[in-house]
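There are structures below to look over.
The two complexes that follow have chain A in common; it is paired with chain B in the first and with chain C in the second.
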Partner chain A sequence: MANLEVPRELREEAKAHDMYLHPIDKDTYELFFGPQHMATENFSIILKMDGNRVEKAIVNPGFLHRGFEKLAEQRPYFTNIALLLRICVPESDVPENIYSMAVDEIVGWEVPERAIWIRNVVLEMARLSAWMFWIMGFGNEIGLYTAGQWAAAYRERFMRLFEELTGGRVYHIYTVPGGVRRDIPGDRWLRQLRDTVEYLKGKMRDFDDILFDNYIMFERTEGVGVMDKKFALKHAVTGPNLRAVGVPYDVRKDDPYYLYPELDFEVPVLKEGDSLARVLVRRYEMEQDLYILEQLLDMGPPSGPYMVKDPKLKNLPRFKVPAGDAYAHVESTKGDFGAYVVSDGTHKPYRVHIRGPSQSHGVTVLEELLKGARLADVPVILKTLDNCPPDIDR
Partner chain B sequence: MKMESVEKPKVRIVGEEKVKLKKSFVKPWMGIKYLFKKPVTIKIPFEKIEPAPKYRGFHTLDWKKCIGCNFCGQICPARAIEMTWLEVDGKMEKRPHPKVDYGRCTFCQFCVDVCPTGALGFTENFYLTTGGLEEDLELFNWVPIHPDKVREMNEKFGDYRFPVVKIEKKADGTYVYHLRDGDKIEFKILGYGLRPPKKPASAKPATAQEKKEVSKPAEKKEEPRAEPEKAAEKPSGE
Partner chain C sequence: MDMNEKPKVEEKVQEVPEVEAPKLPDTKEEKLVAEILKKAPYAEGSVRRERRVEFKVPADRIKEFLELASEKFEMLIQISVVDWLKEGEFELVYQLWSVSESVHAFVKTRIPRENAKMPTVMDIWPVAETYEREAHEFFGIVFEGNPRLGPFILEPREYEKHPLRKDFNMIGYVKTIYGEDFDRYDESKTNYVI
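And now, the complex of A and B:
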């Protein structure tokens, strides 16, 4: 047998960097978790293990770094839509919307009512398809693969609806400053959407049966990765993760945009702050999203144009935005998603800053919560925090 | 978006009584009923789904309508479009036409939106796959062909594949597009960029003045579209 002894100098250097950790004594070792692991998507964690317990976790992001914010400064305003939506893959309409809202505010356009309605429907549909994506991941992590496969099948229905509305399945490139790019394909599409909502409402009970009421899910998540209120607020956690520690903060209620002031829905809040609370909050929000979509469909699309009429839009590549700045944010499934756009009066933005929710709960909070967790709980904590790697890397 | 203008709605907060669930040992077995239902998966190649109408696929180009304004090249987020000077049947086209590189294209179709004459369009064809041979990879860098031709082939084959099977490149710069139904489109690529290429053979012996004279008539051709072209020179220089 070959001698597996690590040279002393190497071991000392590794120790000094605090990154490498060779089997120093019997039970301590280093484990590279991801990016091949299914739970981590495009993201990895270096775990320092002591037996089955995590001693220290170091998040290792950067696999998806493309420098979105810098690239956005070099492209015309409308073109940026095709770039910025890649910041959140499962919910690509959110970056489109925040950027468009910010540019709308700088230009001072009054976006037509029909466009607002379509944007709102698209956002809610994106939320639902992102929930389906999350169930897919979460179900797989805790070993309930059936639920994950159902969710993937139901997500396909939304992809199909998006395909007909926008012409794309995952990257829709649909919401642009001033409105949306295409009109609704017709009443047939609205009927299909209503059918899908009805269908999913029926299926929610099946999801309850197989996943959310399942004792396996309870056993795996109860008391795992507990976060307290003070800690969450200190680390600027938003979204369902914050609502699971007892803070009723929802951008749709606290800083309403689009048609949300007219819509009626509930904000679920739990106090425990463990993985189970995060899962249950998400499940209840899914129900509320279906309810919101139903209300929007009852409202019906207002008549009128779906894009502002502005003579400046005829020369789209050279479309100039007056100097100014604006911030807009929406509630995504991951949390509070915001964009800050600064214009210096030319046809390219001076600066685009994206405030992503995963930056907080995907890096600092995750590192804290993983301390002392069992190895089998790592994917559970990771998936109940629901981070989005491209948003961390940006 | 403005906080002052919108009244804060009443927040209805729901707590444990509604959100919390009871764990169950029996309910998960209810999933078994799906064993007796029809599967949702699609059995390719025996079944297939059609792409939605107006699905954003490959481009089409009406060469007669295209005025070579380079709006498409300017808006393209991936810089996949290159203006190309063509010679068809021994006659040079008056305007450059866009050449689309699908290695870069993101299928956002902003180029179709900005096209002022409606020359650039798109079809539902979406198969971006090849056998992986070197000559296959060159397929996906083409000057799009007429929409009617693509539609005709779609009706004939109905599988939404790339309309060109083979691009043959000859030594003198002639390109032959072998279409799926056996037709051929033959043309010569003279050069790239917004400025028309200089003719090497017929050029007069050069003095500085004469050079200017040669370039002038070429510029006159561009007159109706002079403005965007001047503007376009900046990004191309970057």
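And now, the complex of A and C:
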């Protein structure tokens, strides 16, 4: 084995020329983690370090604040779709859907069956492509780059399907209040979607081999960033992070919307509450999502219109919504994503408030979980919580 | 005698459900609202629809009410603030979710816009810290007892401006920051839009 120790003379010389980044005789220092770091995506954490251990973490968001909630108050109801979807980058259909659902509820529309089926398929496709995005980030953080590259390639399949359906690859601007913007391109598109689902089903075993059943993954995640049930509920942690501590709360089951009451799927729950449990819950959910998409395709799109018929919709920019308020939420891959819309009877919303899941698990929970963690575990905790900074900033 | 007795019995049977039917809650939402209102008679409660209930609570008893509600509603999902400029009031909507009962609750309270103050609910739900920091930054509401109120999402120069208030001059602010030449005119080239 090679001698890795730096010779004493060299070390003294380095010390004399101040070549070390921080003084070696002092063990505590402050480290700015992000926003350049890959794992933090778009926000930063100020870490107070003691050697290799985190003493204190302070989350510093705001790099992505674009004032969407203020801008949404200045725009007509339908224009807001093109704005609000930018809140969640990996699955932009979620903000579209929650906003549309809330407006539907205030107006009192019954959305046509065909539109509901399409919305449901789009949401599940968004979930799967977001899972692929997450594998990409998580695989890269623990050093298993191949899984990430495969996932990026499979996400491309969904992006192509989205492009054919909506015209957009990442941002779709597709779900609007009252239905969807256009119809399914045709049977060929449905066949392609089924092929993609079948293809991905076969690839799940490959992902197991290279990532989810990998010794390195187990070593890196087991016992890292543990939280218990009481802590998670008090901090309003939702989604896979909550299901990894043993609470079977899933919006699709507990506050069902669209066709989920008719679909047959399971809510995977684990009890350990560490990073490994959070990863494995996500792995099981991917399988359930594939199963849900298959069921939806077996069901087939119901016939009928894809947009509600209302004479008021002829003048879209001046479309007025009656006074009232509504809260709608869906299960995204990150957790419970909700929108609170208040209308005062004019053609612009009086207030739109988006509840991103990272607001709860990306600030206080992250700060708590990082206490005492090793520096190398910081990206693992970040990625297994699946933190999405645009939710916090908006 | 028999003929006289029969109609009397029928009348009694008819009378009883008419009086008691509104009192006995049928759905789980009605039961939940009745249970909470029994302990908190100062609040108003109603069922909006399936899995959505609403409470209106006076601002000085909000903490007492939320402590009571936290037994049933395990999660504080969000604190939304609505600025009702004409009434001169902020409306705070505490959005709660009950994992055990699968019910979402809006707990609404109104406070005056001038020197808006609220007690913190951090001790009931620690996650309220983040929500209150956000509400403080965007609306200027002071949550007494929250130690971390201060610049959070916005830049320090924007911190005191409370941009989500309805009387915040957004176009004026954009012009001062980005200059008059910032090309944000509509097609007629007369109206400055954002």
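The criterion applied here is as follows: the second predicted complex is superposed on the first by the 369 of 394 C-alpha atoms of A that agree within 3 Å, B and C clash if a C-alpha of one lies under 4 Å from a C-alpha of the other, contacts with A are read in each partner's own complex, and residues count from 1 in each chain.
Everything that follows uses one rule, which is that contacts are C-beta pairs under 8 Å (C-beta built on N, C-alpha and C of every residue); 3 or more make two chains touch, one makes a residue touch a chain.
Since the model is a prediction, treat every value here as computed from it, not as a measurement.
Participant: Report for A:Y306: first if it touches chain B alone, second if chain C alone, otherwise both or neither.
Facilitator: In the superposition, A:Y306 touches no partner, neither chain B nor chain C.
Participant: Just checking: does A:D255 make contact with chain B only, chain C only, both, or neither of them? Give me first, second, both or neither.
Facilitator: A:D255: touches chain B and chain C.
Participant: Does chain B (first) or chain C (second) touch A:I216, or do both, or does neither?
Facilitator: The answer is first: A:I216 touches chain B but not chain C.
Participant: So, does A:Q359 touch the first partner chain B, the second partner chain C, both, or neither?
Facilitator: second
Participant: A:F337 in the overlay: touching chain B, chain C, both, or neither? Say first, second, both or neither.
Facilitator: Neither partner.
Participant: So, does A:R351 touch the first partner chain B, the second partner chain C, both, or neither?
Facilitator: In the superposition, A:R351 touches chain C alone.
Participant: Taking the superposition on A as described, I'd like to know which of chain B and chain C A:V269 touches: first, second, both or neither.
Facilitator: first
Participant: Do any residues of chain A touch both chain B and chain C, and if so, which are they?
Facilitator: Chain A residues touching both partners: 254-255.
Participant: In their complex, what parts of chain B are in touch with chain A?
Facilitator: It comes out as residues 1, 3, 6-9, 11-16, 18-25, 27-28, 30-31, 40-41, 51-56, 71, 74-78, 106-110, 113-114, 228, 231.
Participant: Taking the touch rule as given, give the residues of chain A at its contact with chain B in the complex, in rising order.
Facilitator: 75-76, 78-83, 101, 104-105, 146, 153, 156, 160, 163-164, 167-168, 171, 173, 181-182, 185, 206, 208-210, 212-218, 248, 250, 253-257, 260-261, 264-271, 280-281, 283-284, 315-318, 328
Participant: Touching chain A in the complex: which residues of chain C?
Facilitator: Where chain C meets chain A, its residues are 51-52, 74-78, 80-83, 93, 95, 97, 99, 102, 104, 106, 125-127, 129-131, 134, 138, 152-155, 163-164, 168, 170, 194.
Participant: Help me check something: in the complex, which residues belonging to chain A touch chain C?
Facilitator: Chain A residues touching chain C: 61-62, 65, 67, 69-71, 74, 233-236, 238, 247, 249, 254-255, 325, 327, 329, 336, 338, 340, 342, 350-351, 353, 355, 359-360, 363-365, 392-394.
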